[in-house]
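Here it is, the structure in full.
In order of appearance the chains are A, B, C, D, E and F, and numbering begins at 1 in each one.
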Amino acid sequence: MPIIRMTLIEGYDDDTRLRLATRLTDAIRATIAAPLDAITVAIDEVKPSSYMRGRVTRTPGVPLPAPVDIVRDYLAKMEARDLAGASAHLADGFRMTFPGGATFARLEDLVDWAKSRYRFVTKTYEGFDEAFGENGVTVYCRGTLAGEWPDGTPFSGIRFIDRFTMEDGKLTDQQVWNDLAEASKG
Amino acid sequence: MPIIRMTLIEGYDDDTRLRLATRLTDAIRATIAAPLDAITVAIDEVKPSSYMRGRVTRTPGVPLPAPVDIVRDYLAKMEARDLAGASAHLADGFRMTFPGGATFARLEDLVDWAKSRYRFVTKTYEGFDEAFGENGVTVYCRGTLAGEWPDGTPFSGIRFIDRFTMEDGKLTDQQVWNDLAEASKG
Amino acid sequence: MPIIRMTLIEGYDDDTRLRLATRLTDAIRATIAAPLDAITVAIDEVKPSSYMRGRVTRTPGVPLPAPVDIVRDYLAKMEARDLAGASAHLADGFRMTFPGGATFARLEDLVDWAKSRYRFVTKTYEGFDEAFGENGVTVYCRGTLAGEWPDGTPFSGIRFIDRFTMEDGKLTDQQVWNDLAEASKG
Amino acid sequence: MPIIRMTLIEGYDDDTRLRLATRLTDAIRATIAAPLDAITVAIDEVKPSSYMRGRVTRTPGVPLPAPVDIVRDYLAKMEARDLAGASAHLADGFRMTFPGGATFARLEDLVDWAKSRYRFVTKTYEGFDEAFGENGVTVYCRGTLAGEWPDGTPFSGIRFIDRFTMEDGKLTDQQVWNDLAEASKG
Amino acid sequence: MPIIRMTLIEGYDDDTRLRLATRLTDAIRATIAAPLDAITVAIDEVKPSSYMRGRVTRTPGVPLPAPVDIVRDYLAKMEARDLAGASAHLADGFRMTFPGGATFARLEDLVDWAKSRYRFVTKTYEGFDEAFGENGVTVYCRGTLAGEWPDGTPFSGIRFIDRFTMEDGKLTDQQVWNDLAEASKG
Amino acid sequence: MPIIRMTLIEGYDDDTRLRLATRLTDAIRATIAAPLDAITVAIDEVKPSSYMRGRVTRTPGVPLPAPVDIVRDYLAKMEARDLAGASAHLADGFRMTFPGGATFARLEDLVDWAKSRYRFVTKTYEGFDEAFGENGVTVYCRGTLAGEWPDGTPFSGIRFIDRFTMEDGKLTDQQVWNDLAEASKG
């Protein structure tokens, strides 16, 4: 039965307000066992000149791009080996960690390392999750890998999961787990 | 600069209200680039007899246990091989999927299967993430494994990640990825 | 989907707040075709020292007795010929109008007039309606009459309706229609 | 001193919002003895994309026609013997009850029955009342009848009252009381 | 940490809403030691047909001219000896009191009296203060005087303060203190 | 017709909430010509654990002492020549300016200087004004002085006004104007 009233400075588009309302609903449902139909969110908007904090008017924070969209685009560019395009999503200090604990700071190093593991790989997504926390958004992406081993043998259906952290819309960390070793072991 | 006003039927404890306010704050920060200090949440409580939806009064939904706590307890019990205790956290229809795609419905089957992989294993946690979505809460847990291979050789620092879905406080699905195969390969 | 937020100075009992919420719900349903479950009413209460209108604090208006209860009690006392008790419900200037247009200002005059119409009469209620308008509350009471004609012949099931207007909890006007003439005609 | 804050999805016309505010005011005045000037109603409107219940946006309920207007139109059409037009206001299962307990389901049957009672009849209205309850709106209409007896003698000033119940803007029941029998008796 | 929500009938210009928000902020800061950044004011506006007090819609009160602007204009016109222009700012019954307790009702009398004190005088403003109280606004204006004594000797830097009370935008009282006597004494 | 809704963390005493509501009312009346009776202020209080800004709970700012009370006490102590007591109200860097432009940083210096002007002086207050601005509170105090000239001749009814600025409840500046020179001149 919670009623959420959110006040924003006017100007956000429909999509942003819907995303806010959806996420607020989900946050409540995760915390108390309220029936879904009993959670109401209403957003009212005030003029910029009708909002003052600390005796000064304020500029509304811009809508952030959907974290999942950023991850999807990064992964698509990596799959297409568009390293320049993929790099545009990376924050300074970005690091990635791969199975076995291999870590890289540059996409080129990853590509080199991967050569000994597979000729190419494509991802089929089963789902994405977004976790919101004190340090921002974490995106999880999971599904299966298909491709060819270094010797050209094809593989497919190999489980993977990636974990991304973000800051100001840029990726700061990527962690990868998958069953490639399980599969190649056999 | 968003102001969130949440109305609850009175009776929730401090901890639940703080958790609600924290999660609402995080949901907003994930959506618009508002400075943290500009996000205000205030919760007001009304008497049960002061709330009516559809012309009838309502009972407030009970606070849900923190999803991470459920997962922690389940994992601790599994580590201690307290299968009965761990089972108490499982929903009907619970399934788990392990590296290589092995799936189990019963904890006993998992234990049997694991015997060929390691003598025992303990987990050191690096972090937990909670994702709230249309279908409830997903909990991620990651860190490193230590233990002994079947031949008694010790191992440690092996990366893992677990993904749990929940329904009404019970675990419905567990998916596990780790670098055990990477490590044992070498 | 209307959300009603009502602010009261604290101190009203559960019953009054529930009655307020119910009546607000009904008023909305009579005006827009909102599904019942979509109408939410929440009442918050502020301390007397937290409410100021026109720079002065205010005393909350006392709860009014339920209009239907007043009418019920008046009618019960009339039926029991407790004229003194019934009179306590009447405002100065009370008037009543009976079938054929007979009007009375005093209950005694009504009783005299009624003698030629029936020996006694009792009321079975089918329902009450309360209408709230600019000039206060109007109560309707309808059902059937049973009793004896002046010659002692019994009658029953004769339709009646009474209309009452009120001011400050006192009855100011009563209008009566019934089928006694229809019945006695035959 | 009650303050009512009502939140609607935007789009209702002035007339509907004024009717809502008026009816909310009347509902409060009928419940607590607040001075009229101390009852404030303010309606704020949110965009359709700013309202979510149960994680989905909602369509605002359409304004209902004023119940009194429906009754007025029905009665006018009956008086003009426009039975087709009057029928358009009737719900399936409509029933009417007339003095003496005569009940009809079809307007034609009423017209036949009435022939033995008067040649024609017109209504002069003294007032209408609307009662809002759990089962919707009840409309009362009262005033005087004028017309001609079957023998052509004129009559006038004969008291009547009609009670209508409605569902979704259609009349479900009409109950009629009047003093025709009183008048014709003499 | 106070959150102020103010509801106005729509139509006030940006400047008026900003002035309202500023003054509300200042009033709070004068009363509780809240950090400035913790005081939030948001103004929402409702349609004229969405506001009802005492069952009738209301016309919003017009914005009042800034009290300081009225005082500035009055003083400028006095300095320019535009007595007609200055008079336009005076309420009926206006009175002014000057050093030594000399009181005048008409500007002409003040001008006559001042002739024995100085040939002319101009004001340099150091600051204005506005005090809001039960009886409206009080404006203080302080700074220094420059001009010539009756014998033509120049003077400057002489401290003064004026106190004005207002009603409906007209000056009702002026009280003047200054150091002219201190200065001329020597 | 403005409605003010103020949300505080619970715990302020009646007096503080009344003072807040009064000052908010006065601030509005100084800005728009709303009838006094149309200005409503309602304060709701939330639990400390129900308020979060920037993801952390907050401690409510303590109520500030009434500025006028501080000034009254300071002036009373000065009149009684309780310099230690008066000094307790002074901020570091306090300065005072007296007629003719004499400025002092220490109360003792003022007392010495005053000896040549009067033997003693007492104040009769006509009124106090409080002005709230960006830099805090300014208090004005005005009335008449009585006492004895250095030669023992009594005087009375001499107009004065004092202006005080404050910071965190301590006086930072005092400016004094009066008609002593006017009076002694004659």
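One rule holds for everything that comes next: a contact is a pair of C-beta atoms (placed from the backbone, for glycine too) under 8 Å apart; a residue touches a chain by one contact, two chains touch by 3 or more.
To keep track of the chains, here are their UniProt names: A, B, C, D, E, F = Phenylpyruvate tautomerase PptA (4-oxalocrotonate tautomerase family).
No experiment lies behind these values; they were computed from the predicted model shown.
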**Complete:** Neighbour overlap between subunit C and subunit D returns A, F
**Fill in**
Contacts shared by subunit E with subunit F include exactly B, D
**Message:** What's the farthest chain from subunit A if centres are computed as the mean of the Cα atoms?
**Reply:** C
**Message:** Test of understanding: which option in D-E, E-F or A-E shares over half of the contact pairs of C-D, residue numbers taken as the match?
**Reply:** E-F
**Message:** Tell me the rotation angle, 0 to 180 degrees, that brings the C-alpha atoms of subunit A onto subunit B, to the nearest 5.
**Reply:** 180
**Item:** Same-site or different-site touching of subunit A by its copy subunit E, using the half cut
**Value:** different
**Message:** From the centre of subunit F, which other chain's Cα mean sits the farthest off?
**Reply:** D
**Request:** Compute the distance, rounded to whole Å, between the mean C-alpha positions of subunit C and subunit F.
**Result:** 57
**Residues within subunit A bordering two or more other chains** = 1, 3, 5, 7, 26, 37-38, 40, 42, 44, 51, 53, 55, 134
**Request:** Could you please write down every pair of chains that are in touch?
**Result:** A-B, A-C, A-D, A-E, B-C, B-E, B-F, C-D, C-F, D-E, D-F, E-F
**Request:** Give every residue of subunit E touching subunit D within the complex, in rising order.
**Result:** 7, 44, 46-47, 49-55, 57
**Prompt:** For subunit C, which residues are in contact with subunit A within the complex?
**Reply:** 1, 3, 37, 40, 42
**Message:** Show me the residue ranges of subunit B that touch subunit A in the complex, using the header's touch definition.
**Reply:** 1-9, 12, 16, 19-20, 23-24, 26-35, 38, 51, 53, 58, 60-64, 67, 97, 99-101, 129-134, 136-138, 140, 142, 157, 159-161, 163, 168, 175, 177-179, 181-185
**Item:** Sites on subunit B touched by subunit F in the complex
**Value:** 5, 14-15, 17-18, 21-22, 25-26, 35-45
